[in-house]
Each structure stands twice: as C-alpha cells, then as structure tokens.
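Below you'll find a set of structures to go through.
In the two complexes below, chain A is the common chain; its partner is chain B in one and chain C in the other.
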Partner chain A sequence: MNNLDPIAVFRTEAAEQLELIEAGLLDLTRDLDDKGQIDAVFRGLHTLKGSGSMFGFDQLAAFTHHCETAFDRVRKGEAPATSELIAAVLDAQGHMQALLDQPNGDHDAMSTKLLEQLHRAVGREASSTSHPTTGKPKEAPAEPSRRTWQLDFRLPADSMVNGTNPLGLIDELRDLGECGLSVNSDQLPPLDAMDPTQLYLGWNATIVTDKPRSEIEDVFIFVMDEMVMDLKDVTPASAPVVPETTLAQPAEVHPNEVPSAREEQRTPAADAKSQRQSDNVRVPALRLDEMMDRVGELVIAQSRLSQMAGSVVDLGLRSVSEEIERLAGELRDTMMVLRMMPVASLFSRFRRLVHDLARETGKEIELVTTGETTEVDKTVIDRLADPLVHLVRNSIDHGLELPQDRIASGKPAVGQVVLSAHQTGSEVVITIKDDGRGIDRARVRAKAEANGLIQPGQSLSDQELLQQIFQPGFSTAEKVTNLSGRGVGMDVVKKTIEALRGSIDVKSDEGTGSEIALRIPLTLAIIDGLLVRVGNGNYVIPLSAVEECLELSLEEDLRSRGRSFISLRDDLVPFLRLRELFRTGSQPDPYQKVVVISTGRERVGLVVDQIIGDHQTVIKSMSKLHDQVSSFSGATILGDGNVALILDVAHLIAAGQQQEAQLRAAG
Partner chain B sequence: MTEKLKTLRLDGALTIKTAAETREAMLAAFGEAKASSSPVEIEISENCDCDLTLPQLLLSAQATAARDGIALRIRAPHRGPFFTTLERAGLSAAFDGGSLTIMNGDQR
Partner chain C sequence: MSANILTVDDSASIRMTTRIALTNAGYNVTEAVDGADGLQKLKSGNFDLIVTDLNMPNMDGLTMIRNLRQLPAYMGTPVIFLTTESDGDIKQQAKAAGATGWLTKPFDADNLTKIARKVLGR
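Let's look at the complex of A and B:
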C-alpha cells in the first residue's frame, strides 16, 4: 500500500469529490434554498481547488476557483441560487472531470465559454470579477487592509508518519505575510515515553497579512479535519476596517457568528465524513482478488484436513480441524463482505444521466431509486454500470412519452423511471421500470421479421417475442437519436449479464410501461453447496437454491415412473432423475433422495442417490471446451482431491419446467 | 569521583526513518551517564540530514535530563540542516535557557 501513486490517489479522491458536488447540485435543483447543500457544494469546490492546485492540476484549480467564488457569493447571500446557476455549475462540473482526465489538454475555449455562462448566471458582469481565464487562479479581490491574525494550531500526531511536512506548512504561513512563531512543547513526553515519529509540538503564530482568512485556512486544507486550530482576527482597533469583499470575513462580525470554511468542515456531516475517511483504507481491488484466491485455496485445504481428521481417532486432531474449519469459514465470510459494495454507488450516477436526458429530450422525468443499501460484489457493480446506463437510456428514449402525449393518454406529465435492487437468496435482482408507452409487440415482430431474425408469421410466445430486442442488430427506433436507436447495445447488455452468470427478464404492458429485471449472482467466487452423489460422481447443488430434501421411496419411484411428479403438500412438483440426465449407467440406490430446488416461484426436484452434506465450494470456472455443457455452472475440488461439478440451478429448473409443460400438454 | 563525559555524536540521516534509533542512542547514553554520574554531550554534525523529529527528540532529551539530574549539553553548528530546521520551525527559542549551544564556525 506504500507504493500508491499520489496522483492516482488524488484522481480517485477528486472523482469522488466531483460526484459529491454533482449530487449536491442535483439536490439543489429540487430545493434551491437548501443551505446545507449550498455549503456542501461550496466545500466540495473549495477542496477540489486546493487539492488540484497542490497536485499540479493547475487548469482544474483555476477553473474550479471561479465556480467556488460564484458559490461563495450564494453561500453568503450576495447572490441567489437560481436554476440557471445550478445548471451552469453542473455543466462546469462535467468540464472539471475533463480537466481532471486531461490536465494538460487544451481546454481554454470550453473553459471560457462555461465561465461566461457561470458569470451570467451568478448575476454579475464577467469583467467585474477576475476575468475568465484558464491560467493561474486570479486572487480574490485584494483586501486593502492588513490584518493581524492569531493562529494557534496543533497538527495531527501522526501527520509526519502520513507524509505531511509541518515545516512546509509553516513555510506557507510565512509566505502569507509577516509571521512570528513560537512553539508549544507542553505535550512533549520524556524521552523514555515518547514515540519519536509522532508530532507532539504545537505552534502559536501571529500573522500580519492582507490575505483573507480563507488563505490562512487553505494552508491546512489537507489536515484540517484532524487538527486543532484556532484562528482569531486580532487586528488592533485602530487599524482601518474596510468593508469585506468576496472571500474575507467581516471584521465587525464575531468569528463565531459567521462560520468560516474551516468551521463548516466541522458540521456533523463533515465530521462523519472525516470519521469515515480515517476509518477506511483504500485497497486496490486486485489485492482483494489475490486474497480471495488464497482464501479459496485455504477453504479447499481445510476441507481436506477435515476429511482426514474424520478418518482417524485422534481427538486432538479433530479439535484443531474443527477450529480451523470455523476460522476458515469466518475468514471466507469476512472476505466476501470486504468485496461487497452497496448498489447506491451505482445508482447515484443515474441522477445526472436522467437530469441531462430530461433536458435533451424535453421530457419530464422523475428518477426513483429503492434498495440502494443492497450489497453486491464490486466486480459485479463495475460490470453492471454500462448495461444499466443503456437500459435507463432506452427507457427514457423509447419508453417515456413527451409530457403532452402523457397528459393526452391520461397519465401524469412527469414520467417515472424506477431503479430498484433487492436480494433474493444468492441473487440480486436489479429492475429498471418505467411508466411509459411499453413495448409495441407489432413493431418488434415487424422489425424482427424484416431483419430476418424470425420467420414471417412464426409462432412465438410473448416472452420469446420480447426477447427479440436483445438480438444483435435489432432496433425499433424509427429515428436514430443521440441516446439510443443505433441497434447496438441491447445485445451487448444481454451478453454482459450472461457473462456475470445472470439473466434478463422483460415485462411490458403496452400503454403502461416496461420492466426489465436483471438477476445477478451475489458473488462470483465461493458458495455454500449441498454435496450429493449420483451414480459414482459427486455434484454440488448451491445451498441457497435448496428448499428441502425428501426420501423417494421405491414405491413412490415406481408409481411416479413416466410422470416424474411428486406430490409436495398438495402441490405437484416435477422432478428430474439426475442419474438418467447424466447417463451414469448405474443402478439406483434403494433409498433415493429428492432435493427440491427453487428460484422464486418455480420448483424442481432433483433425484440423487445420496446426500453427503453441506460443503463450502470454491467455484472454479470450467474451460472453454465445456462452454456448451449447460447443466453445470462450474466445478470445485473436494477435500479428497476429487472434482465435483456444480449444478446450474436455473438451467435445471428450466428443464424441469419444460418437462412439466410437455407432460401437461400430453395430458 | 571523576566524571567522564559521555559524547553522542549524531551524524548522517536523522529523520523520521531513523528517529527510533536516535532515541535509543540517546536513552543508552543517558543510562550510562546516570550509572556513572557523568555528563552527556550530544553533538550534531553540520552535514546531517534532519527533519523535525530531531529537534523534537532533543527538546524531550533536554526535559528528561533535567528530570533525571543529568547534565546535558547539546552542541550544534550555526549552519547546516539542523540549524535551518530550528529556524524554519520557530524552535530556536524553545531551547532558550536550556542546554543547546549553537556554535559559530569551528568552535568546539
């Protein structure tokens, strides 16, 4: 972790800061008077400017400075928060991302254009303030009077360990003006009790400067949350007091009455954030993957140990084996949690998308998100982002109608897109639902026929017809827009979801809207499985899909032959004889078992010879040679070194349902 | 009883990376000095590489020596990284009335 590139860390943090700024701005579009959000956006811009400048992103710092100044006026009540201003800063926020991505690119034209827009929005002539430019940040209007500041500060004890050089900060203070310093060493422990890498010294500084308070505070911007700082204006009463301008604090006002930027950092939200920051550690995802592999191997080794311990009469060995089993299980669970992220991080980016699309299309759209706390593996989140963007764009472009059309068809003018997530068993279901016009079946059919995807007049179930939209090259949009309608995307969406071992369901009612549900496995690495034997082979059934296990008596087996249904509490459940399905060529055990598995409402029984027990399963993907084998989703290595195949529950249930349908059709 | 001066010469890297070793060296010198009731002299080299951890250690050493009744003298040159660090940190006055002697030129 020591070799993290500071620039890369800055980029990551800046991107997060930009997201926070964007979220704040989007909240403000709903409530322009939300003081908390205005302050939050200002703080975000302030931090971005400061850190950008420190890491050499001069264009970003210069550009952000103007947005910060504009928001500072709003914050101080000198300018109103208008939707024009929010829109201008939102546009600017997008540009900041570009400045972050390409710090040395030529952004002058765009910067100037956006800054002019910003200055118009904030209600002052562009020329009356620092002129829009992309050079070094122009100073805030110079404060004509020199003020005397008393600054007492104590940096965080671990600041030197964390790479902060207190001498550098003191040098920066000296650069602000005349600076008298004295050291406070009253917290310095004796030699035998001190940790020499910690900082125990504090400083008292008297600074005489014409720079505003914010510049003194800016010196400490990166340690502000953890340090102790007391900054007082102690300008003698005889000094000329000049009316305040943009950034400086009014001398007449007691510092406690008007919160300074630093004091605002101390809001509960900021405190919580700083708490989070100090409690969290950034770890590259790659290292988590490596660790996951190690844990996987450990689980396999533990499983072997467990089997060996079970086969000898050595209580000591058994006790150690059980202890290791417990620890390996806990380690596995902890490892799984480490990789989990709430889908909120995925959903939040759609607010901006919807906001922009509403502006582009002239549609009125409300985005509703639910289940943001649902957690999914980080890899899954990363890979879901693009498909979801496409689906949301499709809903808005093809699904939602223009306000006048909605009113004409008796709907509210504002269309709704609902993004929701919830967990069912070992899957997460993410749905994108809109209340638009729904999918026009006739058009889908016509298009599919025209593209040769189906035969003219071919009989298709409703679901099969709807699935046509995921065919490569399919598009029902009559005109190509910026958003969608290029006939690429939906097939890519489907491939991505399938690559995650997930599935897509489409529901759509013409006139009332569509719903697309993505079912994604919660994790991609380890599952709890039920180990069963069929013939001479061992197989693993994902435990989350197992509902119950029953004995299939010889009598019931004979009675059901040809029908393959069992009666389960007055419900007929189809079952599959795995021995037949896998063509083991062996005789059935006299007491076969039925493992009832389900996904949601659909249930299927699997007839096996023996249930061995539960088994922690590290999923090893199968080779490309086995791509066509659909009954298995992977393989695992058992404690004795043998391989067991993992059954693909969704596929087996589909097969069972198909068998049921055929039998029902046959009467 | 004749007292023999314990001299601890600090040279080379005297930064946060070596601060623990420097502290150990100071403690060892104090330990010996205490056992033999001899005074301790810490001599800072003009060519050392130092950061804020060194003056902080010396301030602590000064207070510890006073507590333990050890006679301590710190000698440092009037130029070089240590002197610059003291100046930058506003620390010169912190040693006032204590054991630090800033030497001019080659004065020993």
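Let's look at the complex of A and C:
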C-alpha cells in the first residue's frame, strides 16, 4: 500500500477537514456558545495548517494559521464567538478550498481581503501573529575549527521515566569528537532513600571537537529546559587537552518548575460524531470496484457450478456446490454493504449551499434534512450530487419567494427546503420539497409551446405537463439568474437520474410548493431480476419494477393486435411486444406472458415468450460502443455462460407511453 | 531486531508520511488514529517508541502520554510528539505529561528518522 501518494491522501483529508470545519461553523451559527464545536473547529484548522505545511501547501498553511489563531483566542475565552467571526471564517473556509485546489495560484489579494475581514471580526488589528515558519535552531556563527569544551551536566531527575536515555546522550557526545567523561555522584542519596526511577547522577565531560557549540547543545535539545548544564570553551592556547577533569563547582539543584503544568489538561469530550469517524477504515473506491468485479465473477462461476452440480447425481458435488452458493451469496451481500454510505455525506454539503444561496438571494431559508442514515451505494451517491445541487438551487431560485412576498401570501417569512431520503424495497427515494410558489402550469405550457416542445392546445396529463421542465432547453425563469444559469439544465438532471436506472416524479401545488422525488436503485452493481426469454434470447427485467405477470393467450393476442392494450382490472395498460421490438424473427410461443412493469404511476406490459424465473445478477456495464443502445442498461452472464441483456425499465416505459399517446392521437 | 514504533495521528496523510519514512529506515510501524486508539494499541502491543500528534479527537496526545506513563510497561519508553512552531507552551505541557522530545512540523523523513535514532539509540 506504499504506492499511494501522501499528497493525494492529504488532499482528500483536507477536503474532509474543510467539510468538518464548515459543519462546525454552521452549527455555531445556531449556538455561538457551543464549546464542543469551537474546539472541533479549532482542531480542524490546526490540523489543516500543520499538515498543509507538511505537504508544501504553504499558502494554505499560512492563511489557515490566522483563522486558527482567531479560534484559539475564542477557545481560550479571550475573545467571544460572534456571528461576524463565524461568517468571516466561513468565507475564509471557502478560500482555503481554493488554496487547496490551486496551491500555486495567486491568492494574495483574496487572502488579504479575507484576513482584514477576519481581523475586523476579532476586533484586532492585522497580525502581530507570525506566520508559521520552519523553525530550525539558529546556527551559531562558524567557530574556529578544533576547540576544547568543558561540559558539566545533570539531567532532570525524572528524565529516564520519560524516555530519555542518558547513555544515548553520552554516546552522541562521544560521536562529536574526543570525549573524556567522569561521573558526578555527589547527589546520590543513601541506598534506602533511593527511588529506582530517578536519576541522581551528573556528568562532567571534556570534549575536543571541530563541531560548533550548537551541536553540543543539540544533543540535549529535548531536556535543555529542565536540565542543569554548564558549557565552557576551555580551548587552551597551546597546551594539549587533558581528558581527566576535576569536579566542577557543585551543581545547584534546579527547582523543578513543572508541576504546575501537570494539572489535568482539558480533554475534548469524545462526542459520538468523532467516535464514529475513528471507527472507519478509508478504502479507495477503486479497490471496492475491483473487489466487486471479482465477487461478480465468483457469483457467475458459482452459478455455473450449481448448474453442473444439478445435472449430475453426485451428492458430494451437490453439497459442495450448495455450500459455495451460500458463501458466494453472503460474500456478495457483505460486499454490497461495504459499498453503502449514508446519504448524510451527500446532504451535509447542502447546508453550505443553502447558507450561501440565502445570502445571495436575500431569501430566508431553512434547510431540513431527514433520513440521513439511509444508505446508498457509493457510486450512486457520487453521481447524485450534481443533480441534487441543481434541484436544490432550483427550489430556492424559482420556488421560494422573497420574505415580503411570503408574508403577503400568508406564509411564514422563512421558506423551507426539505431534503429527505428513505428506502423502499430495492430503491431509495430522495425528495426535494419546498414550500414556495409551486410550478406555474400555465407558464410551463406557454413556454413548452413557444419552444415547440408540444403543439398548441395539445392535451397533456398533468404529469406530462410537469415533466416538460425536464425537456432540453427549458427554463421558466424569466431571466437566467446567477443561480440557475450554471450550465446544468433539468434535462441533464433527468439524464443523470435515468443513467442511474432511476426515475423522477414531480408534484406541485401552485402557491404551496413543489416536491421532486428521485427514485434510485440502491445499487448499480447487483440487481434482483426476472429472467425471461424472448425468441432465442434471454433478458433480465429488474424485479423492483415488476408489478405482476399475466398470461396472454393467443386469442387475446390476436384480439389486441394493432391496439396493444390489455385490460387489467378495468385499467387499460399499453404493452410492448418485445419480440417485435427486438426483431427476433421467431414465431411467438402459443402462451406468451405479459410482465407488467411500472415506475410509480406509469405502467407498461412487456410481452415475452417465457418467464424463466428470478435471477440475482451482477451487472456488467456495456462498452462505450453500445452507448446508443437505449433499451438496455447492462448485461449479465448466466450460469450456462450465455449473456442476458438487462432491460432499461425507464426507457421501455417511456416507449410504452409514447405508443399509447400515438394510439390515442390516432383515435 | 528492528524497533517497533507506534505512530498516533488523526491525519491519514501524516500517518502515511511517517510510516513511509520509518519503514524505509527499517523500523516496524503500527498506526493509531487518535489517543484512545493509540492507548489501546499500546496496551495490547509492545512498542519501543511512540510518535504522536497532540491535537486529536477522542483523546488528545497529552492525555494519551499521561496515561501511557501510568503503564508499567512504558515507563521509560521514549515518546516523541509532533508540534508546530506556534504551539508555544504546549511543549512544556507535553514534557510535563511525560514526553521525551518533540518534532516540529513541517518535518521531513530525515528529521524524523534522525530523531527516532536519537531516542532509540539505534
């Protein structure tokens, strides 16, 4: 594991550190007296400074130093925590991110500006605080080459207990040059009064060396402050050095000054939050992906084994095969859990976003998050970040009204954005809900018509109309504001969600707010699927989307020909004949089956030749070459070595809805 | 036999740097992520040198040093703490808690191995 780059690790760690600092600061905005958070922020800043300078991020280290100093004063009770200070450090925190991203950039102007702001907030003039410097003991000016030194020293009595080894120090002295030594035992107490852990001896040394004075002193660098040391240059004019020395003047007993410092140091309370963190092991996601791949291969090999074992009568082989099946299943489940992360990591970044947007827009916003402990595959979390940012921005920019408008319409001045997550079966539903003005349907329609997305007067269901906001190039904002015009459109959001095999539901009540629900599979790596046969090919339908399976008799098939609707408990459900869609060119089985799939509201039946059974499958994503193939979201390898394609449910439902619309339009 | 060193730091990058430096110098390195973790590892292992940060969550370096000095097995075991120039009086506190010496951040591999050799005497 030595091949990992410490600087890369530092960057990741610094980013996390910055997030923690930010979270701490945001908590402080609510409770300025939160001692625990003040300590936590200080610790974060301190660590960031220390390791920043370790890894050559000098600008970051120097800048962070000032914030740390400010917080140190707060921590020690020398300055109050004010909202002004917190705001200043929050701004500084953003700047630290920039210093981290571009350690060699020119940040001086910004740094100076932020530091002024910081110093104003602390109520103190710009810095008497020094930059952290790389402290080397100052070198004495070069001294004439070979000199003789008389050194008398007595180490602190408790120095051996604290790990200082006098013999080691004496060896170091010997390494400097010629060294004559004698022991000074005049402070040795009577035997019965001796404490075996104490050091009672002193030494007298004569050293002849060409090394400077500072090197002799450096030997004692760790004990310098508490020890008694007398170092004299006794280089004789011409006389040779006499190694044997007389006893030095009796060394004074140095009063021990340290006990006052022994008083109990404040121990930061072990809050549950940091406890959790220290229990974790950080593993690069890439390694988990590699491991997932191996587990995938194992599961495939195992299912071949089961198939072979099933076809022979060898009971021993069967029992081994069952054992392997169980183990592979458990391994796969464990693997899945390893990849799961709480969405808290995703949600936490929104506190800052909302805080910044509130300042930018002049709106008052309260962010509520629920279900943070809901866990989702890491890949999903990573890919959800951008769409969520966009949706939250949208809610705030387009949804929430200004405080005065809210009051005028009888709402509280503070608008609310609720981010919530919960799990349903093999899906996680992430909802962004606001209590703003809601989506103006008339305006959506007008805009869609103006952009040629729908025909004037075309009849649309409410959901269809609302889904227009996901069309490329659609925006209901009258002007592109700083917030919304950031290059990501709702169409990109929708694409990203669909690429995750997820779907989006929109609900909106004019005047009272909107709710956008993202339904995402928990993992992208493994799905529970329904294995079906169409013609000669095998396909997997994600089980989470399957509602029910029906039989489609030949007569019914003939009767419905050209109409492609089946009646399902008084409901007409459009269906797609996969045989036709995939152009298998084969004869349909006499008893075809219809698999009804749904995403929330929309339902579509898929006509297949045979339902083989449920199949847990490890998804292999398709190559770039197949990017254009929209009906499939991936492939899997079956026990017999054959490949089965995984059907893309969202796409098929869209196709079904389109077909339904066409048929309706055709009357 | 090469010495066993325990490094205690909440920063993974610093831990990695110290581990690389000390391993290259031929020492056996064990890592702990904070004082509490460090203390636990000290109790279940046998270390010849401890290199620790001071500011850490859960249990800071000072408390850990104080605790380890209560363990008979670690009476006299050298403890080096990592500090920054601005830490000022913290050196005094660490010494009082029972630390042997310190190393000022930023440090490089040479500083660290030199100090390790100095206090280990090998």
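Simple rule for what comes next: the second predicted complex is superposed on the first by the 378 of 667 C-alpha atoms of A that agree within 3 Å, B and C clash if a C-alpha of one lies under 4 Å from a C-alpha of the other, contacts with A are read in each partner's own complex, and residues count from 1 in each chain.
Throughout what follows, a contact is a pair of C-beta atoms (placed from the backbone, for glycine too) under 8 Å apart; a residue touches a chain by one contact, two chains touch by 3 or more.
Keep in mind that what you see is a predicted model, and the values were worked out from it rather than measured.
When the two complexes are overlaid on their common chain A, residue A:L578 makes contact with neither chain B nor chain C. Contacts of A:P196 after superposition: chain B is touched, whereas chain C is not reached.
Of the two partner chains, chain C is the only one touched by A:H65; chain B is not. Using the contact criterion defined above for the overlaid structures, shared-chain residue A:S185 touches chain B, although it does not reach chain C.
Using the contact criterion defined above for the overlaid structures, shared-chain residue A:T164 touches chain C, although it does not reach chain B.
Ranking chain B and chain C by residues of chain A touched puts C first. Of the two partner chains placed by superposition, A:I520 touches none, neither chain B nor chain C.
Overlap of the chain B and chain C contact sets on chain A: residues 160-161, 165, 167, 171, 197. Of all residues in chain A, only 160-161, 165-167, 170-171, 180-183, 185, 188-192, 194, 196-197, 199-201, 203, 205 touch chain B in the complex they form. Partner chain C is touched in their complex by these residues of chain A: 2, 4, 6-7, 9-10, 12-13, 40, 43, 46-47, 49-51, 53-55, 65, 68-69, 130, 132-135, 160-165, 167-168, 171-172, 197, 221-222, 225-226, 258-259, 261-262, 265, 267-268, 270, 274-275, 277-278, 282.
The residues of chain C lying in touch with chain A in their complex are 10-14, 16-17, 20, 23, 33-34, 36-37, 53, 55-60, 62-63, 66, 69, 75-79, 82, 84-86, 92-93, 95-102, 104-107, 118-121.
For chain B in complex with chain A, the residues that touch the partner chain are 16, 19-20, 22-23, 26-27, 30, 51-53, 56-57, 59-61, 63-64, 67, 85, 88-91, 93-94.
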